[in-house]
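Sharing a structure, written as structure tokens. Questions coming.
A, B, C, D and E label the chains in the order they appear, each numbered from 1.
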Amino acid sequence: MANDFFLQEKFLILAYDHGLEHGPSDFSEKTLDPNFILELASSQEFSAIVLTPGVAQKYYPKFQSKIPLILKLNGKTNLYQGEPISLAYGSVELACRLQAVGVGYTLYPGSKYESLMFKEFGEIKEKAHQKGLGVVAWVYPRGKFIRNETDPEIIKYAVRIGLELGADLVKIKYPLLEAVALKKIFEEIRKIAPETKIVLAGGKKIKEEEFLEVIKSAIEAGINGVLVGRNVWQAENPYLITQEIKKIIFG
Amino acid sequence: MANDFFLQEKFLILAYDHGLEHGPSDFSEKTLDPNFILELASSQEFSAIVLTPGVAQKYYPKFQSKIPLILKLNGKTNLYQGEPISLAYGSVELACRLQAVGVGYTLYPGSKYESLMFKEFGEIKEKAHQKGLGVVAWVYPRGKFIRNETDPEIIKYAVRIGLELGADLVKIKYPLLEAVALKKIFEEIRKIAPETKIVLAGGKKIKEEEFLEVIKSAIEAGINGVLVGRNVWQAENPYLITQEIKKIIFG
Amino acid sequence: MANDFFLQEKFLILAYDHGLEHGPSDFSEKTLDPNFILELASSQEFSAIVLTPGVAQKYYPKFQSKIPLILKLNGKTNLYQGEPISLAYGSVELACRLQAVGVGYTLYPGSKYESLMFKEFGEIKEKAHQKGLGVVAWVYPRGKFIRNETDPEIIKYAVRIGLELGADLVKIKYPLLEAVALKKIFEEIRKIAPETKIVLAGGKKIKEEEFLEVIKSAIEAGINGVLVGRNVWQAENPYLITQEIKKIIFG
Amino acid sequence: MANDFFLQEKFLILAYDHGLEHGPSDFSEKTLDPNFILELASSQEFSAIVLTPGVAQKYYPKFQSKIPLILKLNGKTNLYQGEPISLAYGSVELACRLQAVGVGYTLYPGSKYESLMFKEFGEIKEKAHQKGLGVVAWVYPRGKFIRNETDPEIIKYAVRIGLELGADLVKIKYPLLEAVALKKIFEEIRKIAPETKIVLAGGKKIKEEEFLEVIKSAIEAGINGVLVGRNVWQAENPYLITQEIKKIIFG
Amino acid sequence: MANDFFLQEKFLILAYDHGLEHGPSDFSEKTLDPNFILELASSQEFSAIVLTPGVAQKYYPKFQSKIPLILKLNGKTNLYQGEPISLAYGSVELACRLQAVGVGYTLYPGSKYESLMFKEFGEIKEKAHQKGLGVVAWVYPRGKFIRNETDPEIIKYAVRIGLELGADLVKIKYPLLEAVALKKIFEEIRKIAPETKIVLAGGKKIKEEEFLEVIKSAIEAGINGVLVGRNVWQAENPYLITQEIKKIIFG
């Protein structure tokens, strides 16, 4: 079955697939360079780094001994505004060649094309498990019938989809609410999939205190960590914020 | 051909694929936990349990000797409101690895995408039979041309589709009618596919007496049992209602 | 190439795929039971019987030595009202395992999805011939551009499509006209595909005399027989009408 | 690479795929019979004959030593009026079994489905070349954005598409213009794909003198011949017109 | 991994896929002939030439020792005006047989069909790398949601997509701006994908001085060269302009 990596209880994973999903506007001159991100992830001992196939094949080999890799297999740009669909342009075989511990895949439940992604995810998951890799599911309900992607009921559904489809780690969004309300929601979310490991998407850059507060609420509620990009590497000092986050997650 | 499991005449199968189909809103805190459901199914000697691939791979292994598994291979969320389509995200191979006795597949006859599901079902059915597994078909006519899914004529068509496509067990809905009318309909349904094993979907939670009455009418009419979820595990005491149902089905 | 079965010059084939195509409303209590149909076909020495995969795998084995089987590989319900498409949910391999003499496939020329069915038909036909089975094509032009499916010009086109695509037996509809006009049309149809074997679809139940008159006109014009369902087994006495039809076809 | 057949400089090929493309209305009682066409092609020493898979498998074997075969692998009826698409219902393997020298494929550049046909053509072309067969491309720009299929600029584009996609012989339409203008256009067309062999589609039956004039203009301009159907076998005397055409092409 | 060809730092590649993409209207009588283009590329020591499968298989073999080949695997005509899609009609295997150093593929991010092209690109890229070939991505955001294809932000996104998907060389468009503004944009583009090799598409023929100025700005900004067609072979003297370009690129 899945890689031992996924037996851990706490995760701080660095995401870096924004170049495809949003374009380079998310990046500063420094963060445009994958080496900067890989150095950050390695030196700060993140649990793993998420890279797209192109970035992984070019930049990961010299970091292979320093930081585990989760290879993101599908993705889409934000240029097309219709019903979302994202199919794999990377393979489990490529992940194996790059010595990744797992693969990542984004699901858009609620899209007109939901069934195509569920089907491809299932095939990838079985192949990954056969080869000893784990699978991380980005579960983002989206499409013309989804009014609010961070509605707590939608997020709960997302968590459960991750469990039902067999992800080893489920990545979900969180709603922007004040701490008490948020913690209550995380506690509810936690119960949706009792033994399933859940990580929060970092999402858009928010104020550091605010973000740390979110993580604190999540961790206290039993969420297993964060899979964060912009809220780390868009921070004034990514190293400092990483330290703060690590304190919260790993205590 | 299909597994010996399907040679039985009476079935009480516990369904637990609601997390994907409807989201966690169907569940209580207790029933969110697949272990609770598997304990219930095992201790009460249900004929089998229906699980999705993700839940099965995580929770079923330690129950393997206690309760037969039917692995549900396809599914869809209720988030998308257009023409229904549900493709397989689990495989017959996975079912074999999990030592399932059979696989489950939902068909939506009447959908714009009917032909894609019929084709995939046919491939899965042949592969399952080659490997000694049986196939359970959820036959739910649905789509913009279907006005009433529980119209008796629609249900009769559903039963026959299950036979024509080669399911070993056909799961159908039932209309909410009073006992006499309902029994008459079950008798008609029974004749639609004389040697085909038919089980009722439990459907939405209804009053216990009412549900037991439905099962009684069905069993008296020769229907082979129920494949029930909510009407058991949403009951105040799932163990008690199970005993009641078992008395009706197995006498 | 195709099975010797298709070297015959005259055919009286019993169709029984209505359960999928139209639902059980075509059936009486007796004809709902595939055993009744198989008994009829066997005892009356029909040339062959047409069954869907589900019915064939369940009921045909004990009739294998008594009546040749044509396994219908595709089909659709009449629930969806848009552009017709019907894809295979049975395979040539299954037909071989059931010791069928041939496979059947419905084509809807004129549909938006014509090319998908032509392509699948071609693949099935080549595989069937490689394995020594023949292929029967139901050729039914249909779709929003087809105003009248039994327009003689449309039927002639259908016959020719059957020849061009390589069917061993082409099944076509007929227009409801009086005997003289009908015979003239059958003669024209006959010439459309000189060496191709053509059988009439029985179609909806019509008056017995009328149906026998249609067959007579067809046979006199050189049509090779009928592939009939409802006009036999919906008859008051299916055995009697079979005798009448056999007299006309086999003399 | 492709068959030696395609090393010839001049071609007079007889087309007979009209039964599928237009239905039998193109045919007389005589020309409905593929034997008549095959006799004509054989006795008059046409370069080759184009047949669909069904006609080829039934009628070609006894003419195998007399006339080379080009097996037309795709086709569509004229019943559907939407964006044109035509997928393969015959295979390179079948062409090999029938000892064809090449395969034919129609492309509809400009259709919404252009990319599907280009992709399938590419796969067929590579397989055909691997097995020693040549490929003839019918290149007919068509679809809602194509106003005039015989606009000289459209035809020039068609010729070039044939070269760019790797056809061994490109079949194009011609505009109905008077001789001087037409010859100028053929000269321009000739230069579009200097070393590519080009044949004219015969198209609808026109007056014999007129058709011969078209061929004369084409041949004088360096076009490599014609792939003609109706203008030969719809002629009052197909044998005579063949002689006239041969004089022009082969001198 | 990819071919050594892609280890070079500077590229002047000659493009010649216009016959499919735009039709022959881009060509003069001389440039219609692939031999002229191949002679030009060989004698002027271009880094490589880009050909479509049809042109490559017919004309490239005798130039194999003189000029490296990049085989363009997909393409579309400009006849269809809807959402752009271009699928492969050539294969990595064909590229190997022709001894190409790499393959080319056009991506249309922002199209409704983006995901189909991303998926096919990923499969081709992995196969090419396994066989020792490099991959050039034409990245052209296009579709109804893209208002201006040469908006600098769109081009920057394109560059990054090329990196994220794993192209060995990324081909992009450039905006028509005056030298100072343009150089600034090239510098920004350069930083988007620091170690990724980027070449400019030549695009429509513009004034020679203007084009040379564009290249100068690009090269000074660290862009790796140009993949040019019309601005070379539509020039009054393609040999002279090539010399001018080479001076700028290779110094």
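Basically, a contact is a pair of C-beta atoms (placed from the backbone, for glycine too) under 8 Å apart; a residue touches a chain by one contact, two chains touch by 3 or more.
It should be emphasised that the depicted structure is a prediction, and the values quoted were computed from it without experimental measurement.
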{"item": "Partner chains shared by chain B and chain E (touch criterion as defined above)", "value": "A"}
{"item": "Set of chains adjacent to chain D and to chain E", "value": "none"}
{"item": "Same or different residue numbers at the chain B/chain C copy interface, by half rule", "value": "different"}
{"item": "Rotational angle, Cα trace of chain A fitted to chain D, multiple of 5°", "value": "145"}
{"item": "Distance from chain B to chain A - Cα centre to Cα centre, in angstrom", "value": "34"}
{"item": "Centroid distance [mean C-alpha coordinates] between chain D and chain B, Å", "value": "55"}
{"item": "Residues within chain E bordering two or more other chains", "value": "none"}
{"item": "Overall pattern in which the protein chains touch one another (line/ring/star/complete/other)", "value": "ring"}
{"item": "Ring walk, chain A to chain B and onward", "value": "A, B, C, D, E"}
{"item": "Contacting residues of chain B [partner chain A, same complex]", "value": "17, 19-20, 23-25, 29, 32-33, 35, 52-55, 57-59, 75-77, 79-82, 85-91, 93-94"}
{"item": "Partner chain B, residues of chain A touching it in the complex", "value": "1, 109-112, 114-116, 118-119, 121-123, 125-126, 129, 141, 143, 145-146, 153, 156-157, 159-167, 191-196"}
